[in-house]
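After this come two complexes, each holding subunit A, first together with subunit B and then together with subunit C.
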Partner chain A sequence: MRLFLALTSVTLRGILRDRMLRAILGTVLLLILLVPVFSMFSMRQVQELAITITLSAISFFLLVMSLLLGSSSVWRDIERRYTSSILTLPVSRRAYILGKFSGIAIFIVCCGLFLFLVSVPVIMFAASSYPSDVPVHWLNIALAIGADILKYLLVAALALLFSTISTSFFLPFFATIAVYLAGSASQEVFEYVSGQFGTELQPASVAVIKGVYYILPNFSAFNLKVPAIYGLSHSPGGLALTTLYGVIYVVILLVLAIKIFSRRQLP
Partner chain B sequence: MKSKVIILGLIFCYVLVVVPFSSYLKNRPVMLKLGYVPAGKVLRAIVGDQRYLTAEIYIVRVLFYFGELFGINRERVAVTPEYFNMYRTLENAVLLDPYNTDAYYFSQAAFTWELGRVREVNSMLKHGMKYRTWDYQLPFFVGFNSAFFLNDYQAAAEYMKRAAELSGNPLFTNLAARYFYEAGKTDFGIAFLETMAKSAHDRKLKRIYEVRIEALRAERFLAGAVDRFEKERGRMPESLRELVTSNLIEKIPLDPYGGRFYLDRSGKVRSTSKFAFRE
Partner chain C sequence: MKSESIHSIEISSLSKTYKGRKGKAVEALSELSLTIQNGEICGFLGPNGAGKSTTIKILMGLITATSGTATLCGLPVTDPGARKRVGYLPENPSLFDYLTAREYLALCGRAFAMDGESILRESQRVLELLDLREAADRPVRGYSKGMVQRLGLARTLLHDPDVFILDEPMSGLDPVGRALVKDILKDLKSRGKTVFFSTHITADVEVVCDRVAVIVGGRLRSVDVVDELLESGIEGYDIQVKNCAPALYAGLTSSPKASDITEIYVPRDRFNEFLAHLGKNGGDIHLIEPKRKDLEAFFLDILGKG
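Here is the complex of A and B:
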């Protein structure tokens, strides 16, 4: 346990030392601070646009972070022979993978919370300049950011999984982007083939599409932006199911990553 | 020394190119300015959770383009707006974010009067009503369009009733009927536009409403003078100029859309601009 915590702490400190990540965080912070100016472009929904831009900026930042951190984790350590020296210590490969993921996860969660705290006064300021007929629903905004955090933990776990089988940055990075895009669109495609269009397709094609839909992570489920922007109500059952789905999927990906990494021959 | 000359030479070349280049960008065709918009259904799948921001970007692009065009037209430079492309962009925007009120508001402002695409606008507004179930403005717009443009008072009453229920303001219930019976169509239009102009935050949009109000007021002024002429002389004036020569009015007001007012064969006041910016 002590070594696991040490690995988590080392990973986290490594992330915090990265200047490029700091630069990206700085850019997103600047963007969020400029939200009141950008939201003035809207004719009738200044407050709604302020929330939209803020949530989009946070979502984009977390996507970039989870992609970069997940994709550059395991294979780089192997290449630098860092894993070889770590694993000479009484550290299991499982603890190594979990320590890596925990470091990344803590960073993503902290960034999400920090950006949420920064966005509160920004949204309040934008909303006070042109009050909307829809009040700001802070709980919904917090839930939307929480769902985004869970989504990007899933992306980071996916990138980490690809990283365990890769010897370079390209496979985990591009494979994660491909799965992310497919997983974001899968719900739309599923609904499309389940409707009238599906009857015009070969039954085997529909079955394959539906099979892929169940295998791919469904990222669109974590999109809670509409209730946050327009103050619509949530279904508590739906929220619980989405959370459960996200957690189970992350656990499955981590178990797979541990299995693959345990069998991998290290230099 | 040599490198300084090269840098200066490059800067000179840049200045030579950048002026015609920016002029080209400013004057390039509308289709290029608004850009190609992929079909909303395809885009929904591609942009993922950034679709609300994408929708707003589309709407702001249309608004900027139209605002710029409006500025050009105020200087009487004839440019035909690409209404179809604008409408398509907004249609895609509401597919991406069916809750976005800017798209509905702008469509109502720009495509009903200018383009006469009332049925399409009503269809877009009805699409929005499925999502913005709390918003009284959408049924208010549909009700107004049904009464003013389509002369469908039954549908108008139905939508005004819905607007009244949502807003808690009973005024909407009999708004269509009251204005039509007591004031007439032009006054109904002016009252509607004044309400819209009052609540508009955006300066460009406010200006669009003000110009429309100015045009309708000029039309009402001339129509009133024609009525007075008919009552006094027992016949219709041959032209609007006759209203001036008979001292009923001092001068024929200017059409803010750049057209010229005239009397059609049925004695109705019309403008060559048809109250729209076009060539």
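Here is the complex of A and C:
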């Protein structure tokens, strides 16, 4: 456990000492602080727009972070030969991958929580300038950010998996973006082919599309922005299933990453 | 606790084949078998690309062998626990450059299951030993190549392991650093530690090693006791004599050294005969110095370039 914590701490230190990541965080913070100004462009839905922009900014930041950190995690350590200094200690490759992921995960979770805390006074300020009929549902906003955090942990795990088989930044980065885009649209495509349009397609094509739908992570399941903006209620069962789905998917991706990395020949 | 019956390093029929360009198989190691006894210092000598680093990477679990087995302290090298009693220095170590030396050593200490107090104490000891105390709280990215090499060595010494595996330990060091490393190796030898180090500098092997294994083209070509090798390489003796009649060394190469001292080169096969003549006819021996092939000459012989 001490070793796992040490590996997590080393990954976290690497992230926190990266100037580029700090600059991105600074930019997003600035964007969130400017939310009251942007919200003024909507004459009647200032509060709703403030929540939308804030959640979108947080979501975009977490996406960029999970993509960058996951994609550059393992292959960069191999390329810089950090692996030869860490994996020649009594450290298993499993511990290394888990330590790496947990460092990234802690950073993503902390950033999500920090940005939520920053967004609270910003949304309150924006909402007070033009009060809405719908009260601000803070729990829904927190749930939306929580679901986003889980979604981007999944993205990070996916990028880390690609990173274990890659020798450069490009494969993990672009493959993760491709899966992210496909996974974000898969629910709509599934519903489309499951309806009237599906009867016009070859059964084999429908089966392939449905097969891909089940394999790809369904990122749209984590989108809880609309209930957060308009104060709609959630089904606790649905939330629990989404959480379970995310956690199981992350575990599967990490197991695959460990399997692949354990077989990898290192410089 | 060191078990005397278990060899520190045991390599048996180790082979490694890479896929080269166009899928062509490249044999980096072929049927390598080598045993390193407890408490010995063994040099692993070979030209560039001979397979030294490949062997060491297999021992440290970075790459897997195509066939054959290897153990460290009795445990298979595929088991991370095998590295608990091993201090490893990679060739041109690349350490987390955003960490300070102290942070890096703390990470290593935790990996070796050292307690917090021991990590602090031992980190301080090795940082002082390797003259890194002043730089200990600076990020590694600001270190020179020699400082990184010394930090790599500090890591190997941190947990006082029984076995040291060093890949080109003198690489990137200035003469002071090289002398320091040699002193450390001698100290390890005096403390009964096992050291297996690769190098292509024969002089390093001569100074510190008990045995030398020579690898060429992925095949182990010889394993010799360094002292025996050097002894067998004696070709003759430079003998400085006083008050010796010139007739006694007629036919031998000689040169005057001082007014009454002459240096004579006596081939090995005529050494006893010459001493017998000298004893019978008078003359004092001032100095006898064996002239021998150095390890480099042996190495070049093995390579077929001598």
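Following the convention adopted for this analysis, the second predicted complex is superposed on the first by the 267 of 267 C-alpha atoms of A that agree within 3 Å, B and C clash if a C-alpha of one lies under 4 Å from a C-alpha of the other, contacts with A are read in each partner's own complex, and residues count from 1 in each chain.
FYI, a contact is a pair of C-beta atoms (placed from the backbone, for glycine too) under 8 Å apart; a residue touches a chain by one contact, two chains touch by 3 or more.
Model, not experiment: these values are computed from the prediction.
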(request) Evaluate whether subunit B and subunit C can sit on subunit A together after superposition, giving fit or clash. (result) fit
(request) Return, as a multiple of 10 degrees, the angle whose vertex is the Cα centre of subunit A and whose sides reach the Cα centres of subunit B and subunit C. (result) 150
(message) Contacts for A:27 in the overlay, against subunit B (first) and subunit C (second): which applies, first, second, both or neither?
(response) neither
(request) Applying the touch criterion given at the start, work out whether A:80 contacts subunit B, subunit C, both or neither, answering first, second, both or neither. (result) second
(request) Look at A:17 in the shared chain and tell me whether it touches subunit B only, subunit C only, both, or neither; answer first, second, both or neither. (result) second
(message) Just to be sure I read the superposition right, which of the two partners does A:265 touch: subunit B = first, subunit C = second, or both, or neither?
(response) second
(request) Report for A:89: first if it touches subunit B alone, second if subunit C alone, otherwise both or neither. (result) second
(request) Using the superposition on chain A described above, determine whether A:235 touches subunit B (first), subunit C (second), both, or neither. (result) neither
(message) I'd like to know which partner A:167 touches here: subunit B for first, subunit C for second, both or neither.
(response) neither
(message) Let me test your reading of the model: by the given contact rule, A:44 touches which partner, first (subunit B), second (subunit C), both or neither?
(response) first
(message) Just to be sure I read the superposition right, which of the two partners does A:185 touch: subunit B = first, subunit C = second, or both, or neither?
(response) first
(message) Just to confirm the value: shortest Cα separation between subunit B and subunit C in the superposed three-chain model, in whole Å.
(response) 35
(request) Under the touch definition given earlier, write down the residues of subunit A that touch subunit C in their complex. (result) 2-3, 5-7, 10, 13-14, 17-18, 80-92, 263, 265-267
(message) Under the stated contact criterion, what part of subunit C meets subunit A in this complex?
(response) 57, 60-64, 80-84, 88, 90, 93-99, 103, 106-108, 110-113, 139, 152, 155
(message) Which stretch or stretches of subunit B touch subunit A in the complex?
(response) 41, 44-46, 48-50, 52-53, 56, 59-60, 63, 97, 99-102, 105-106, 132, 134-135, 200-202, 205
(request) Under the touch definition given earlier, write down the residues of subunit A that touch subunit B in their complex. (result) 41-46, 48-49, 52-53, 55-56, 59-60, 130, 133-134, 148, 180-181, 184-185, 188-189, 219-220, 222-223, 225-226, 229-230
